[in-house]
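Chain IDs A, B, C and D follow the sequence of writing; residue 1 opens each chain.
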Amino acid sequence: MDEASPGRATDLQKAVEAAFSIAESYRGMGTLASYIPALAGVDPRKLGLALVTGDGSTYVIGDADEPFSIQSISKVFMLSLALGHVGATLWNRVGREPSGSPFNSIVQLEAEKGKPRNPLINAGALVVTDAVIGNRDADAAVDELLLWLRERSSDESVDINEDVALSESKAGSLNRSLAYFVSAFGNLQNPVDEVLAAYFQQCSVAMSCRQLARAALHLAFDGTDPTDGRAVIPPSRSRRLNSLMLTCGHYDNSGDFAFRVGLPGKSGVGGGILVVAPGHGAICAWSPGLNQAGTSLAGAVALEALIERTGWSIFA
Amino acid sequence: MDEASPGRATDLQKAVEAAFSIAESYRGMGTLASYIPALAGVDPRKLGLALVTGDGSTYVIGDADEPFSIQSISKVFMLSLALGHVGATLWNRVGREPSGSPFNSIVQLEAEKGKPRNPLINAGALVVTDAVIGNRDADAAVDELLLWLRERSSDESVDINEDVALSESKAGSLNRSLAYFVSAFGNLQNPVDEVLAAYFQQCSVAMSCRQLARAALHLAFDGTDPTDGRAVIPPSRSRRLNSLMLTCGHYDNSGDFAFRVGLPGKSGVGGGILVVAPGHGAICAWSPGLNQAGTSLAGAVALEALIERTGWSIFA
Amino acid sequence: MDEASPGRATDLQKAVEAAFSIAESYRGMGTLASYIPALAGVDPRKLGLALVTGDGSTYVIGDADEPFSIQSISKVFMLSLALGHVGATLWNRVGREPSGSPFNSIVQLEAEKGKPRNPLINAGALVVTDAVIGNRDADAAVDELLLWLRERSSDESVDINEDVALSESKAGSLNRSLAYFVSAFGNLQNPVDEVLAAYFQQCSVAMSCRQLARAALHLAFDGTDPTDGRAVIPPSRSRRLNSLMLTCGHYDNSGDFAFRVGLPGKSGVGGGILVVAPGHGAICAWSPGLNQAGTSLAGAVALEALIERTGWSIFA
Amino acid sequence: MDEASPGRATDLQKAVEAAFSIAESYRGMGTLASYIPALAGVDPRKLGLALVTGDGSTYVIGDADEPFSIQSISKVFMLSLALGHVGATLWNRVGREPSGSPFNSIVQLEAEKGKPRNPLINAGALVVTDAVIGNRDADAAVDELLLWLRERSSDESVDINEDVALSESKAGSLNRSLAYFVSAFGNLQNPVDEVLAAYFQQCSVAMSCRQLARAALHLAFDGTDPTDGRAVIPPSRSRRLNSLMLTCGHYDNSGDFAFRVGLPGKSGVGGGILVVAPGHGAICAWSPGLNQAGTSLAGAVALEALIERTGWSIFA
């Protein structure tokens, strides 16, 4: 394992550069998330990588400062907020086990009577969003998320891409189906349209690699922001989020990602992948081309190469 | 995270004792694996705990030196042997993703045409055993496993409990069904009876907590035995085994175990749970009473309490 | 098989009376379709029975002239209309096999990529309704159905119960989920809301036993109205409708109904059951209490007793 | 519908010839049941057709007197025998609903805890065979079947093709898997090997179209042999067999067969299809080439054409 040392910053910068260089040959490979027109228009050759360590040092390369649609990465932050609002009662409404299914599968929902298998598949994320809304409305939940993301990333410019949000809503038949299904079992307390409105907005938040890595930094330090020592969330919540990302963060590709990268992470169909290296830092890669499981192809390559070099795998 | 220090041994001994003490109030709770008569006869109040660290220090308490039926824990060692024999070609025959299903589910097998979801569910373990047998016979595979376990645990007394093996075979309808199903899709190269013979034997190996923890120690040090510096298996195989244990080691309870204990582990219906703490050591708990997912109830409590005290969660 | 004879009318009247008498002891048993408030308010002791034969003779008893909500019985008539509009191309969009599943199951839909198993489960009926709408709107489709039902039943009073339609729409989360799911796979050409509007209306048509039996009479005579010799629909369509009712008309209770009653039939959660006796006539029973599969409990008893007496089982 | 008339025999002979002629252009199409070597060696161009009416008249053409492997057609006769032995208690162990699945699916079995969906899929047929064995052995059950088939077909030459039986047993991994699965849930009272021995034998009975049609004649007359007026089985059992053949006789092709042919029937992967025309007679077609659902391709064409000409569809 790595130790703080005079040459550490140089080493990390070199590791980021090497990882980027390896991933570059995968630029433009994979497929864009074509079902959302606003995402299909993104330049497929974009590639960015950002790493933030415990002392706040940030290492970036490529398109690391270009905002992209965070999509399902938002599920991690919303889950953190929901656990803050309703605590462990959330687990009466959504499970905590890997689903072994694609992100949008409805089969498990029927077998388990409207209780989604985990909060990182779409059905579970809808329940989480409903919990964040609580007795308020969709706007209140989205505002809470934006405030949180701006504070955590120390960047007031984080905002929603309304074109993407509209595009999501228009193309959202499957998510509507999932929401009505969950609702039919009494597992949404707010109207389906309200929950979907918030959900489409949260998916449409635009952030850069740098912002996302910074926003997740506390998850690498047991819930505490290492730059100021402030306890952002309790340790147990931080560990819960990390363990869910490890086991469920990439749908039916979670097992493979766990081996290849060896760190908790969450991917989004916008091409972003956020990973947490406990005790070390947070990392975000972005490249729009996706593999079959909806995970960024070049992004995963970059992360695999980077962790290979840093030795931060939690399994080693 | 813990650091080597003069008082470390004392701290670990205290942590083991505290964990044991907490788990004691769960002695006798849960249910025995009644479908195997030879297991149903075990004293339900047994409780043992053993921890081995990188310098070879061993901390034990309770029934830590009493051999018990390792059952599915054998899957981890057989997987390691299979990867040694056939390498990555194994993944053409078995997947690497969590199944989201009980250990004996056959549904996924049909949908995926006889390719088990992962090597730690029964169907996948049968394929693994077939790969270890290779062009030999069941006895050769079982002998190889025994040799490996004796060498890794530095204890020549490790052996098979033939009563349990017979009992397994008699009660093995579901495993027979799984084996014939996999075979029907051409995914076994040896006769079903040969594969099952080896499988029932491997499940019937009897080992103590101390022996199991010692045997797995190299998995906590990237495949190298820290006591002599010998590379037992390649780092990539060690990480693969750890990541599979983390995501798939406890069937449809894997997500919960990952959060509660925070370490890669594998449970067996004999009541044993083996866990690996990368960079720190290996631990084994044993108590025969099982929870609904087939994991030792008091054993999981002991491990949770122990890792809480050592701070070895990979998610913190 | 029975033959026309002087005493036939007396025999049939006696058979209807005997069947009614047997079914009376089941009045009020079973459960009302509570998820639709407007249906939950119906008197559970209602019981009606009507039989129409080839010469137009009608035998009625009990509440045979009281309109009730036809619900899923509408699926048969809409299917007939859809086949008239688009012919066999319909089968590219919906299957013709029993589903082995409850009426509202979504599991099969996912496995078969949005192509419902048959047109008599809800998902399939939504596709059928979409086909009837075609390039028109929901109202045009509903008007076409009403005109057809009025003409076929020779009764201009057939109409929609708007309270029920509103109630359906409010309680329609599961149907909305199914519709969005089918739509997500591109299997609806009209907007989901338009299709659902028509669907909720068609389910809310109110008809009496007498009207329904008369409306289906042509299905007992290979598509020809036996009272005037007019070919209402082609023989092949009539046989298709009958065979689909026999194999799929009662969801996961279809096999049992086929044995007990021995005739093609379609049940609705309003408590109506319409059956066709090829070569003999059409029959409708109504009683609101449902069995576990959503079929009228007393209604099925009445039909079983009636067919026992007439000897009209197609399996004898 | 047809009426007895002087020219009836001539008409039926012409109908049989016309149907045969139409089916001839499909000779050799489809695929042989390659997984059983002894079946894969049959001449794919074989085509036979036999029709027996209530007066015992028999109309045959082509290879109607050549014995072939009856395979799953045996399930109907074994079901009749089982109902004779254990009556309605059989339905505690096996359902009566269409499965919506291929003949060898195991998914439903797991969801329904080892109770097969119906007695005409393989898993259900294994339970039926177990019930026929009862407290005897496999040979006793097979002997009972042979005696029954010889008596019903008035032909003492009916026998088992032992080459096929051996071939079945060797290739029987999937059936073994199903049997062990059912057994694991306690739904077999005899040892798996005993049940499988009987099952492989019953599937390997060799009969000709003429023999099979004659053996099923009583099913067309409510359980009574019309040639001698003897009640072979009770009417309720005869109707049950017919309704199960209609709804479940062709696995996931049952709905289509019901429409195309319009009669209860049972297909076997040996290429035979047995159908029952209530009130008219029994028919058997044979041609080895199978469609995707495992039903004889040319055989189904012949039957469709024949029933088109006789007007015997139960849906018209």
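Here is the rule we use: a contact is a pair of C-beta atoms (placed from the backbone, for glycine too) under 8 Å apart; a residue touches a chain by one contact, two chains touch by 3 or more.
Predicted model only: the values in this text are computed from it and were never measured.
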Checklist entry - Greatest Cα-centroid separation from chain C: which chain? => result B
Checklist outcome for this item: Taking each chain's centre as the mean of its CA atoms, chain C sits from chain D at a distance in Å of 31
Item to check | Inter-chain centre distance, chain A versus chain C - centres from mean C-alpha coordinates, in Å | outcome: 48
Checklist entry - Distance from the CA centroid of chain A to that of chain D, rounded to the nearest Å? => result 56
Next on the checklist: Going by the contact rule already set, what residues in chain A reach two or more other chains?
Outcome noted: 111
Item to check | Touch relationships between chains, expressed as pairs | outcome: A-B, A-C, B-D, C-D
Item to check | Of all residues in chain A, those that touch chain B in their complex | outcome: 1, 95-101, 108, 117-118, 222, 235, 238-240, 242-244, 246-248, 252-256, 258-259, 262, 264, 278-279, 313-316
Next on the checklist: Please output the residues of chain C touching chain A within their complex, sorted ascending.
Outcome noted: 105-107, 109-111, 173-174, 176-181, 183-184, 192
